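Chain naming follows the written order as A, B, C, D, E and F, and within any one chain the residues start at number 1.
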């Protein structure tokens, strides 16, 4: 199995989720993140003192998939999350030894 | 006894008491999330020990009864305010209460200059002593004896050259006693405690701007009691003070936002809230001395001046964390001096320079400010040093980094997610 | 001069000024976290420019002194309110201040319909012009000249068929001048600026419901000054207005929650807060015209009507973001008309339909509402169009998405974790 | 009619109404983030149904007009308060409104003991019934008939041995009627509903301490109307009550913080806010009976006692979630009894034990407290049981875990990040 | 070494932590997450407008363990987090090349 | 490619970020976390009731790097984050099968 992790723009979450559902993915874990990268942050001014915010808010998605689906899930995310602007994010895949479903204790592909 | 005047004083005193929690939000919202409670506790603590200081000695010192060489009231003259309370005179009783609320807010204002780094116990000791030794004498000089002139003359030697036979000084609701006094004390404490770790490097941005707005709103609301209540009657002075307070404050918002828009490109909510306070401060001494045009000028310039002045601390390297100097000292000075310029002469007797009066009123206003500055600086320094070298005034650097709320109060402000 | 009446006016004016920051929290809490500051700034900005507009021309236009063909007060009649302030008449002075607070809250109310998308500078220009060109004339017609009837007759041609020799119209504290007026203007601006990106699709839920509750509480508290203060005396009219305000508002909470419970299965806190405002709005014109039963009926029905009306915007597709129409226009209309139905005749002279009066009072109330609606719609549209096609009124879509706080004010509201 | 007194009552009633939203924040901030809205809704709901209960039957029952065997006022004596409102007597009208605000805050106080677990609909029913059946009769005994002594004697059989020919009991602003009454009712409900899941094991810490501070501040501000307004005039009683309220509350802060510093090593902001309320509660019955020293003693000891008493619930295992017992019952009892000890005799006639009076005043105070406790406990229990066994009073365990805001109101309080 | 990641119900964190301690695990990293899956979200209504919240709050735990302990740690988490209701979550294991302890610079098993 | 994950003290983020920039790393993803471990938490007291907070706030950094850079990036983080006090955190490396850049759809090293 594989774990596909995506760092995307927060306002693309709904589109990506729809794409994943269309691709037959049944579950996703989502969390908040922030990123540095090519994308610029912004400046805030409080009583004349500048305050540079260079972390840009991002959303992290994690999807456990069968080995065979990793590539297609990655493509689904990339195309749904793409706006073409700098800061669209990354998607990466790592190998997973084992998955268990807490509710049932099932392991492997059954646990997805 | 005029029940309308008593009613107005009762509600004015209530309004001024509300200002200090208002300040807690104004300052607390500007603090970081890890030190908001400490900031608020300095205000709430000021209420608690300020009341005690006032009831015991402060009221007597500030009062106009038995005095020590005319310079201060006898500290034990009405210990416990018992004889006032037992007099059964409603106006005297509520005036004593009204006075307490002024002492409280004045000392609470100072806390903004030492955000994030003062031991809470030391702050309580400071606030108690400062009300007695600094606030109350200055209140005596300006308000305790008929007119401010007499008070200052007594201080400097009766019949002295400064104030005798001159107009004024005028300080309707506390430009000198409250704002210049607190502003100077704030500067002294900021210097005494030193800069915070990361000052000028780390940003330390306000953690909750709606709280800052809430604080500004409560301050404004309470300030009606402060300014219009200082008429000690529901009369035309009070009504004029009310109108001038609203006009000057509105204009100060515009002044502050204008500077921001030109300088930074954006008008901020912190700027609007700060403009509110700058305007309120500046009109405080002058609220019964000027007409609407005077209020407009005082407010607009207060907003501009203070918005520029808050940057000074980075130039000069003192960490007046929440700008007690830039807002209270600068706008308080401006308002006090402005009387010499734009007092209309219609309500009080003496017109300012631009209203057909001479330069002397301006001189007297400046002298009164000067005396206040000198006394406040010296006396605050002595109290501050005494605390620093006995029980200590500042927390450790580690506490500052991990957050003063946790180490001084054992609490964290928020746990909203649960 | 009656000091008790002055005291009541002084505190009433202070209370009404507090309503606008209250509104800032009511609206701000309902906004999203990325646009709360802009929402609050529209209220604080309304205070600043509203005061300026009032002091310069608004007060003179609304006043009953020299008039232009009896239709509006001479705009330069008391420029700067100087002659009022210098009159030394406490009641006149504080009444001028009291009037300012009404102008401010009325224009601030409008901002709810254009949440998240108006340029701040354009809003300030709008608020300044609207107070002068819309609020002040309407205030003149309803309150500026003895009775509202005279004012409207002057507007429509003296001795005209509408109001002469008929009872009323009655508008004790501003059902037409404030709520119908602001509600119509809100609708016009919502249409002019267009819907927000995502309107009707994305949820845009309130980001901080306790702030909404805080705002509702401050509005209610301030509204005592609004309604009972409109007696311009501490008398039985004021006392009756106080009681009716409390009764109607309580019942409106119950009315709103009832609809929610039946329709959605749950009574919400947003519903309770909204019910508070709907009740306050509806009782505003009627607070001295009805007895307790009238207040109960007006409040209960206001809660029910407004809770149903806030859904209309989704049906008709106008983005009245925070329901200025559903709450202020609908409840304001209801309260204005309800006088024609349930006025008791005990305090004012004319009873309503159900209290033994004829239908004519209802007709007059409707006519007054109608005139206000027409004038407000046309005048607001003209001002709005002028702004739209000169400096522009709306921010770009990108700004809306990334958050108007950041782009218009360069700030974000919270950073609680640090 | 004295307009100054009317003005003071108008604003006092407004202030007391503000106390209940203040309580919503005091309690709401102490709740967990998943139940803050429900907590606040219990207060807002108390306003809505409390007003209705008061206007219909409560006012008549509490009043001193036609009575049933002198024990309670005729419940239909002034149904709808119509004859009061139509009397045209400003003082009567606003006093009826003032009374409503007392009924509301008293029942709202109770909600703190059943945080996180009461069905909202059941709470509304409880609040409605409790105002009519518990608050209003007790108010009648203590305030409805000339003096509290007469009222209690009527209750226990006229000319009974307890109060006839003895001084007092004194309860200026509601130590028995409001705080002991609410405290006992809170204890009864806490026992009736049972402990929350996780009580004593999970921490359930306050989710927003600045809100707690805000609530404490609004309560204090409103309490000036509560205590000084209970003079029903802007006179020396009101002025004395104002001063004593401020002094006692300040000292109670110090008392509470002192206990914390000694016991836990740290003075907390929750402690300061709690001290505020404990002090206000304790001085409520005594605010016009004592001089400044009395206020100091009452406040300091109130802070100490309540800070110790809030721990009792863990010992005895009742889940008085937000310490209605520890704060209102304990401090209310203390203040009521303290009159017997430190009443100065200067304003009211009878001095306390330490001011040269005998022990009898203390006895009478204790008896009044005792009667209130017994009646409140029994009547509250009956109402509570009736609700429990008909519509049910408590939500399911699952609702408690997932959060009562969501299941009872369909809302969550915050979404600040969006 | 292995990294065991668990997505669990927030109210089971204390139980899982106790189980991990019992299993001899010395450190855990915890963060907030939210998940889509079989479990339903809920609906909120604001002034009559429905607002569907379909992300359910979850807690993420990460535990670095020796290869040999991965299976037993997984079982410990599964049994401590299990309530048997839909939404109990997932536990998965990925291979880790190397671990370093920041304080000391130690690597490998010593760094745990 | 590798994914280097670091759990560090929140107040060391700026130093680590500077070190990463110096090491030529162009992007980082940051998120909030909390940890149990050797480091002690603290106690808060509310109205006399003790409340033990044993989760200590930490910051998580994730950096995708070429295989060759994993070790040097790890060292850069360790030395920049180190204060020598208990609780400084961990840095670990896991193998990554593939990385995609959302904006362009590029894969592999080009996507970094």
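One rule holds in what follows: a contact is a pair of C-beta atoms (placed from the backbone, for glycine too) under 8 Å apart; a residue touches a chain by one contact, two chains touch by 3 or more.
Labels paired with UniProt names: A, E, F = Nitrogen regulatory protein P-II; B, C, D = Ammonium transporter.
Please read these numbers as outputs of a predicted model, since none were measured by experiment.
Chains that count as touching both chain B (Ammonium transporter) and chain D (Ammonium transporter), per the definition above, are C, F.
Separation of chain C (Ammonium transporter) from chain F in touch steps, taking the shortest path, is 2.
As a whole-number value, the distance joining the C-alpha centres of chain A and chain E reads 17 Å.
For this pair, chain C (Ammonium transporter) with chain D (Ammonium transporter), the centres built from the Cα atoms lie 34 Å apart.
Those residues of chain C (Ammonium transporter) in touch with two or more other chains are numbered 2-5, 7-8, 11, 205-206, 208, 214, 264, 266, 268, 270, 410-411, 413-414, 416-417. Among the residues of chain E, those in touch with two or more other chains are 31-32, 44-46, 94-95.
Per the contact rule defined earlier, chains pair up in contact as A-B, A-C, A-E, A-F, B-C, B-D, B-F, C-D, C-E, D-E, D-F, E-F. Contact residues on chain A toward chain B (Ammonium transporter) in their complex (touch as defined above): 44-52.
Listed in rising order, the residues of chain D (Ammonium transporter) touching chain F in the complex are 203, 205-206, 260, 263-264, 266, 268, 270-271, 274, 307, 310-311, 314, 323, 326. Chain A makes touch with chain E in their complex at residues 1, 3, 17, 26-32, 64, 94-103, 105, 111.
On the side of chain A, the complex with chain C (Ammonium transporter) involves touching residues 11, 42-46. Within the complex formed with chain E, the residues of chain D (Ammonium transporter) that make contact are 401, 406, 410-412.
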